[in-house]
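In what comes next, subunit A is part of two complexes: it sits with subunit B in the first one and with subunit C in the second one.
Up next is the complex of A and B:
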């Protein structure tokens, strides 16, 4: 009940955020030079044909009126129609959302699978050579741009070893799983150094605390101390770090989607901006905003679940 | 401390297992079969391309990514010959032309059916071409000479023109005049365009917009035994490098446009073939004559002389192209190799500028599309070349959509554009480029030379090839002297294909016939 009321309150608080985003995006995309009617009709378009198409798109109306139309449709759950493809923007977005969600979720899972064991190992052997290596090597991943890492992974695992498809998204779940490994790894490699360092630091702080010293004095095994007494407490701050970075990664999936030809909403966003496909740009931005808000909400809930002292209010 | 290591090991095993369980699919598409593999029937040809189709409306669309798809479903009365310089009958059997050159009578090929089983008749031809010539802002400009279309019997079509019109067969061969079933086979236009019906070798399957488009074999195709392929899938892969690795990795069979920078590297890859097909693509510098000092022919000539075209061919095309001497290109009939197009000569550039209204140079702005490597390179070459003349070039980078609008509205000073031919007659480009009243303001330059315009009109009405050559040569010579555009270079169409693909050829007009393509196992 405590969770439900909190979630509902947070969802209501999301509405003004989304409203603000819709306002900014609508005016930004409409005020940039470039006309969808002219883009669509090409270089031979007559002024009459351009005017007719602008009218059919509703672009002949004053901007404020177009915004009210947009908000009116949005209130009814209608994200508008793509000028470029002549289909509902929601249809385009829902068709492309799965690839982006697969990427974000797989990258997060992969990042956790890599960073948690390494952070635990580094914290347990603080100051050792292994600790130094675990702290230093992943930093290389942080310093390398995602598109370059992606291309290198494709060259090695896709072309040389032929272990994974070089790009694309596959046709079924098995195909999706195989296709998502390299892009997810590309994103995860950028995420792991931050996670490792954050979790290692928290674990060291916890390992130095009095109750761990007491646990050791009571004769508990090192493994039990780590798994039952340290990891959960240390995870609290790392969950926040993870939440912030995953929210950031939602935006940066665009580069990775492009390198791996993943049909996600990042590439849809980029193409739609170039085509001045206003409805799609607005729809994708709103979806991105909802995803970021949802990740922040999940982070707060996870925080509360891990730490009983955190009040959901 | 074994647990974390165990977790790592489990991840490694899971990832390796995941790759292993899918290795069958990878083998299926492996390109390592090489040249020795035998041609076979069937298969799904996968073509990767940088941009998606826009619409299947053949009368309105200008995007190649759309045209090259619907041309596999929709056929015209005539088709462009492989050399791009003539047309041959396709759905027409033959034609006769009246003495006064105004009435064309076409006999249709017998036994041709649409993919829905309905026979193709003259009523379908009349409907289709009448539709094409009544659009607004589409390809109707090709059909302006047509006065009337009659269908006296199911296998005869009579087209009457307003005046003698030499390019008619070339115009009829264009995809915009492709033959659709009358009244869209009883559907609304919108419904029809969602799954078009034609007489072509392939039929509609599905289109996931922004991702992939698939056509399947037309079992009722009139040219018995064709096509060999079961289906064709065009996949959108915007990144140049990703398209190349998909060919190398065997996930795709044809890359529609590998960048010239990657041609040498791709040539060395096993199982990959690179083709540079002769094209009609020509790049130009546009100079807006509505803006001073570009109304001065000496200024335009000075700039044209100052451009090192050889350097552009080397740096932009990696040597895979030729310097241009005319606004027409070698791939189009009546191109004149002897046209004295202005070439790089800095001494002459200085001479021309000295004679101009701005002998000491001036400052100008080059309109470039951001993210377009060609635009950026040309802008930079121009900037350094013109510096020697005392002309300061500022580069205005705007995104492609805005650049397109600014060019069309002639709100620029100097910029870059290109052209590829759609029909096998120079009239389309010549009218677009030098007739300011034809809708494009002379390639958005505002160029107007009454003598050249008169020659354009005369060439449209002449049926004598020698006379047309004389007229088009004169147009090319005068246009070069007027330097209304700076002709830069002719470049080929680059394609990277898997060696499993046989019979793939891109025509100089850019389109390709997939009914002749086979895919070996």
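Up next is the complex of A and C:
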């Protein structure tokens, strides 16, 4: 019952954030210098196209009325209409969302598979040469541009070793899986430095805690202590650290999709930028933000479910 | 994990200007960054090639024959573009962090000190801005504002100030309860003087340390925008656009895309070492 109340409270807490996000996305068009419709469509735009854009965004109406219209449309799931494709933006986004979700989920799994063992190794051999090497990973990794890592992975695993496809998303589940490996590894490698650093610190705190000292005093092997006593805590920490960095994870997918020509919403956003398709750029920004809010919410709920010490009141 | 070092002890951070006690990490980072900055500043002395001069008769030449890293598809010297690219990316990266640092720091300082509705509203705005992924918002803003250096500064400022506001506010919340702050308040000093002379020097260290890793993020954003064709306008050399151009020749001339990326990694490493070195110095590991 307390958990249910916690879920409801967290849900309510997302409302003002969502409201604020809608304001930012709405006001984006008003940042466009000069006449937004003319600037966005470029100097070769016809008067008809400019008028259509002005009408679509209601740029001739007072600001508050424009915002109310925007919110009214959002409430009906209407994300605006694409000028370039001449279809609803929501239709475009929903068609491209699966590839992005595949990427986010598989990158998360890969990031955990890489960083948890490395963090455990570093923490359990604190001060050793291995620990020093693993601690150096974040220092180097934090400055690596995700798209550059992607290009290097394409060079090695795609073009030289020919292990994975270098672009596209495949036609079936097996194809999706093969195609997602390199993009997911790229995003995971961007996240791994942050995860390793945070997890190593959490693991050290767990290894120094009384119950681990007691387990050690009882004569349990190091392996048993790590596997049975500290990994659950590592899982809890992983969830929290992931939650904190989820916006970074989701943001990385944008450019990584472009490198691998993955038909996700990131590619859609970038294509729409070059097509000057403002409604779609707005729609994708909104969807990315809602995705982050949703994942943050799920992270908090998972954390509360995994760790009974989390304060639910 | 951040340890609870007492703010009174911390009060000697940057404020007391004690001699810079080097540790190996900080020294390595400063040396690496110094070398990069020197290479960027003295680029004309290190290469005689013009980074934007095109010569199609020399396109895609291998390293050698006077071109240390060969030439690109337009016959431009890659080494020269790399050095002049450092000028662009380091300058824009550092300047792009300055505005968020000042604006976010000032807002965090006031919010932490005053509390009340200002703090409440500011923190809700922070929650909203951090909910939108950094790259998504920066790219969307640069699109709305039009590509170019000015737009990059504005976009990074609009997105980046939140981190500084959070950090400084958190530090002020602790510092304002310390004896020196209570004493300053009790002595009837004006608020601006308490904030600028007493609190700011004691809370700015964390924001400064963060700014080192933030410059990395800022350079990554600039390079990413350059890669996407939304960054520093051509033909100004920029590491991101160099990687984007080199990608087309990845199979035959892999170094065209690899080398500018390595330059970004080395810059990131230098700044990360400096940040780590400062953390060690302040005893906050």
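Note that the second predicted complex is superposed on the first by the 254 of 313 C-alpha atoms of A that agree within 3 Å, B and C clash if a C-alpha of one lies under 4 Å from a C-alpha of the other, contacts with A are read in each partner's own complex, and residues count from 1 in each chain.
The criterion applied here is as follows: a residue touches a chain if its C-beta (ideal position, glycine included) is under 8 Å from a C-beta of that chain, and two chains touch if they have at least 3 such contacts.
Bear in mind the structure is a predicted one, so any value in this text is a computation, not a measurement.
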Query raised in the report: Who does A:123 touch here: subunit B (first), subunit C (second), both, or neither?
Result: neither
Query raised in the report: After superposition on the shared chain, which partner residues are touched by A:29: those of subunit B (first), subunit C (second), both, or neither?
Result: second
Query raised in the report: What is the contact status of A:189 with respect to subunit B (first) and subunit C (second): first, second, both, or neither?
Result: neither
Query - Which of subunit B and subunit C A:295 touches, first, second, both or neither - result: neither
Report summary line: Counting residues of subunit A touched by each of subunit B and subunit C, the higher count belongs to B
Report task. Look at A:263 in the shared chain and tell me whether it touches subunit B only, subunit C only, both, or neither; answer first, second, both or neither. Result -> first
Requested in this report: Have a look at where A:203 lands relative to subunit B and subunit C in the superposition and call it first, second, both or neither.
Outcome: neither
Report task. Tell me which partner A:252 touches in the superposition: subunit B (first), subunit C (second), both or neither. Result -> second
Query raised in the report: Does the superposition put A:242 against subunit B (first), subunit C (second), both, or neither?
Result: neither
Query raised in the report: Looking at the overlay, what does A:79 touch: subunit B (first), subunit C (second), both, or neither?
Result: neither
Report task. Jot down the residues of subunit A that show up as touching in both complexes, subunit B in one and subunit C in the other. Result -> 32-33, 39, 151, 154-155, 159, 258, 270, 273-274
Query raised in the report: In their shared complex, at which residues does subunit A touch subunit B?
Result: 32-36, 38-46, 48-50, 52-53, 82, 84-87, 92, 95-96, 113-114, 116-118, 120-121, 124, 151, 154-155, 157-159, 162-168, 174-175, 177-178, 181, 222-223, 227, 258-261, 263, 267-268, 270-271, 273-276
Query raised in the report: Touching subunit A in the complex: which residues of subunit B?
Result: 1, 3-5, 7-8, 11, 15-16, 18-23, 25-26, 30, 48, 52, 54-55, 60, 62-63, 136-138, 141, 208-212, 235-239, 241-243, 245-246, 248-249, 251, 398-402, 404-408, 432, 439-440, 444
Report summary line: Per the touch rule, the subunit A residues reaching subunit C in their complex are 16-17, 20-21, 23-24, 28-29, 31-33, 39, 138-140, 142-148, 151-152, 154-155, 159, 201-202, 204-205, 247-248, 250-252, 254-255, 258, 269-270, 273-274, 281, 284-285, 288-289, 292-293, 296
Query raised in the report: Within the complex, which stretch of subunit C touches subunit A?
Result: 1, 124-125, 127-137, 139-141, 143-146, 213, 216, 219-220, 223-224, 227-230, 240, 243, 247, 250-251, 254, 257-258, 260-261, 264-269, 271-273, 276
